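Following this line, the structures themselves.
You will see two complexes here that share subunit A, one where it goes with subunit B and one where it goes with subunit C.
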Partner chain A sequence: MTSATAPASPGDVGTQANGTTSGTGSQPSRASRRGASGGRASGGRASGGRQAAPRRKKPPTAAGQLLQSTWLIVVVLVLWWVLSARSTNFFIPSLQQILEALGTDLTNGVIAGGALYSLSNLFVGLAIAVVLGVGLGLVLGEVGWLRRVVDPVIHFFRCIPQAALVPLIIGTFGIGQGPKMGTIAFACFWPILLNTIDGVLGVEPTVRHFSKVYRVPKPLYFRRVVLPAALPQIVAGVRVALPIGITVMVVSEMFASTEGLGFYILNSSATFQVPQTWAGALLVGVVGYLLSVLFVFAERRLLRWYYASGAK
Partner chain B sequence: MTIQDSPAAATTHVMQVRGMSMSYGTGAAFNPILQDLDLDVVAGEFVSIVGPSGVGKTTLLRCLSGLLTPQAGTITVSGDEVHGPHPDLAVVFQDYSRSLMPWMTTRENVAFPLQGKGLGKAERNALADENLAAVGLAGQGDKYPWEMSGGMQQRVAIARALAYQAKVLLMDEPFASVDAQTRFDLEDLVLKLQHELGVTILLVTHDIDEALYLADKVVVIAEKPATVVDVIETGFGEDRDQLATKADPRFAEARARIMHRLKKD
Partner chain C sequence: MNPTLSRPAWLLLARLGAVALILALWQTVVSAGLLPSMVPGIADVASAIVTSLSNPLFWGALGRTLLAALAGWMIATVVGVVLGLLIGSIRFLDRSTSILIDFGRSFPVLALMPVVIMLLGSTTTMEIVVVALSALWPVLVQTIYGARRQEAAVADTVAVFRIPAGLRFRRVLLPGAMPFIATGVRISSAISILVAVGVEVISQAPGIGRQITLMQQNQQWDVAFAYLFFTGLVGWGIAVGLQKIEDKLLTWKRQMND
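Right, the complex of A and B next:
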């Protein structure tokens, strides 16, 4: 996080967008390929770009991608199964026990209801974050003076560890679903906002000039020019926000909650139902993984032009 | 210089520039680019502005198109003083491939500016297809710009400017980054379209031959800060040919005159 602040000029919030990624943001900077503002806009994303390089050379097919990204998981699961089979450690049950616990609680509805509760919090929270983050990011990216005014505030908030705020928010706003969604939205908002600003700053200057000379009205300009131009960056922001949201989702259910996956994990752990604790954690992982796979599919559809033109 | 003062003549002037000066930066970084520049463009005319690289041609076009506000002087387009992009102007940018949007098909790229003019979708698409056909890209509307060669992308940018139906087309070194043959083809295409559509074209280039071959009037800008150092009426008429026109003795004479002008500073 802190390292990303080095190359940026103090006025530019967007430069540090992927400072929070810890390598997850594999969205390369298109701007860096396209000169002008690119050098500035891509500053904070050097590591992301490097990771993505092989992927951009030859975009794999969806099936190929799926195979590529699943085989290692299968290997890990098999190893886990074999190595944990004879475990006598109370805190490390065999994978078989874990899966049995998972199966039981899935079929009797205990965990399924919790998952549904958790996921609905996650989706609503994430949706709020996307709408606010993209909307505000587009405006801040376009309006330089406003960006410079709010820059310190953004930096202050993005540096606060989101999970640490959970008890405060829930303490303040109560234990209902609303505050949980709000907490998730708050946590997911920052990477999306910062990446959106970054994406807007990377819009080709010639395209801006074109839009001015051809007198493209502002609403149309935002919808059909700035938004698509910034979309690769926005999608990268959402990709970063997703695991943050999942973490906050679980944590938010560990405080004065009676529902959700976080509650299930905490509750079973407190009652020494170790296989159930593992089952809950495993389920969170699986859900997160499935969501990111879904995300990749959505991304490929949404950014078809981006991958196709970038692959050239 | 062709400053005409009679009101009758002034009405045919689709663009007039008087005493325009433009600079970048302030204080120590002050960098005067254009100084006391005059320019007249008559409706239907093809005017080339020729000047060496870095002299300020793009800066001049940015002022004319309302993207930059000059420090001094006036620009009028269709009789209105320019304080921002004028609806009668369309620009083909120097880095044309970057001015096309990769998330839109070529048809969408051409049709898009028409949406801001309030045209319906069917009308927009019809105009786009019509103008794509006019630049020799019939049936290519569903392709994306990045699926096209540089020359084709330039045609798309020209089609977009034509479809906008502006009175004046400003072109910034539109053929600078294509090969010689494509360049000749595009030059002839632009000449043909200009005659067919009667549009006024102001083209900026550093290539003397190109400026002469295309234009009715060549405006030479030079020096630092740049100003108009010569205006030449070419008088080649409507029928031009890459070989014959360039072999015309008047061509050689004008060419020598421009080179001489550009050498002096």
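Right, the complex of A and C next:
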């Protein structure tokens, strides 16, 4: 740890955190969010100009847009169905078999119980990470010297492979639900922390000075000034943490467990129930996708004031 | 805020102090018996770290992991940049693929592991495939963002001068998207290492992740913690290094923005 002399500039944590938040590829910072959707709005037609595009071509209707965004998925599914139907490879079952297995296990409660177990682990772990990450992030964002001192430590912990923690934590604390939640919380904590710090650093200096001049009490200041200002960035951090949490959730159940979606996948593959293995993996993917869609939806509602303020 | 801390020497000292404080805290908790007895103390882990340094098995395992991560990362980068530039610059493709890409990017690839193991076995090839599948998405999504963000004036200029497609791709699209691509490539480098280790933990594929699991099963907790420390250190070193390279290579972009 003696090599812990990372760049000592004040914005240190902030810039690195920005890199982390783009983990899902979306741009969390105000400026780039504006830019990204600005690019979308301008039509982006390389051959036409911003002005020329709408005149030359009518904007597609709602049905046309729906068709345009879904045809490829239909093609992929049909191709999968047709190509896998003739598969003679034992390990590549037909899509029909996979869906049948999924249907059976969904209705007889095997998957439902596992999903409930997995998702409760995920949500408790994520909730712990949000509380600790936001709390500590607000403090570190406000107290500059402390942030600079612990910065290398934070980045070191962020780089520890979450999956490698699973055997150690489960080996130490047992195979119960608690250690799994703890592992998920640990993995989700760092992106939320870094993003919260980044968000606090983005509070307008004028607002900061204003609060100081008017001697706004600290609790009020944190609750009504810093927290709302940092909220878009905090939410972006949770959005990054969500897929990490799902991955750790699955891995923690694959390592030593008798329950959950990860166990369902591993167990069916160990007993050569190949369609079930595919079905489980597919289901985890769908659950992951649905959660992220729900999250974006909730984010839109929670941050309506932010999008309305012209940050779009 | 605190003037003394702005001096680099003091900052370094304070940082070392913070590390020492954390280590002391750990040691106190372990010696007080608050944690299960398997958790090793500082001295054990430190000596395990020193012995690992001269252990060829450790270096071999670490090397295998890094090579697999590197291979997967390079595949992801090439595929992601080419596909991303294509999708991002053609409006129709962009619209058509958006749901598919959102799905792929929120898909926990490690959940697919048993399926991939069935198809390819617990081999390094399997590991590289899983790493590439995971590391692809940040590069792809960032490149699409970058390619989409063509300024209207530049697009008009390209159209008016009838710049050929190849030249446009190489000299307009690629440099324009470069800052975004760089971010994506940097993020996916971190993901590559995380996933490579994760794959080895779950499967029997050889590498440092496998070694961590083995040491834990052999009750050699100090060695397991030492290996975990090294994987964190390597990931951190690569992250810092790539950030430095990115800052240096993209100086022109930063200057333009300022």
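Everything that follows uses one rule, which is that the second predicted complex is superposed on the first by the 243 of 312 C-alpha atoms of A that agree within 3 Å, B and C clash if a C-alpha of one lies under 4 Å from a C-alpha of the other, contacts with A are read in each partner's own complex, and residues count from 1 in each chain.
Operating definition for what follows: a contact is a pair of C-beta atoms (placed from the backbone, for glycine too) under 8 Å apart; a residue touches a chain by one contact, two chains touch by 3 or more.
Model, not experiment: these values are computed from the prediction.
Q: Would you mind checking which one, subunit B or subunit C, touches more residues on subunit A?
A: C
Q: A:R224 in the overlay: touching subunit B, subunit C, both, or neither? Say first, second, both or neither.
A: Touch partner of A:R224: subunit B, not subunit C.
Q: Using the superposition on A, tell me which residues of subunit A are in contact with subunit B and, in the other complex, with subunit C.
A: none
Q: Which of the residues in subunit C come into contact with subunit A in the complex?
A: 1-2, 5, 8, 11-12, 14-19, 22, 35-36, 38-39, 89, 91-92, 94-100, 102-103, 105-115, 117-119, 137-138, 140-142, 145, 148-150, 152, 155-156, 158-159, 168, 183-184, 186-187, 190-191, 193-195, 197-198, 201-202, 209, 212-213, 216-217, 221, 224-225, 227-228, 231-236, 239-240, 243
Q: Within the complex, which stretch of subunit A touches subunit C?
A: Residue positions touching the partner: 1-2, 4-6, 8, 15-16, 19-20, 22-27, 35-36, 39-40, 42-51, 65, 68-73, 76, 91-92, 143-145, 148-153, 155-168, 171-173, 243, 246-247, 250-251, 254-255, 261-262, 265-266, 268-269, 274, 277-278, 280-281, 284-285, 288-289, 291-293.
Q: Can you check the complex and tell me which residues of subunit B touch subunit A?
A: For this pair, the touching residues of subunit B are 62, 65-67, 85, 87, 89-91, 93, 95, 98-99, 101-104, 112-113, 115-117, 144, 146, 164.
Q: For subunit A, which residues are in contact with subunit B within the complex?
A: Residue positions touching the partner: 34, 204, 206-207, 209-210, 212-217, 220, 224-225, 228-229, 231, 305-306, 308-309, 312.
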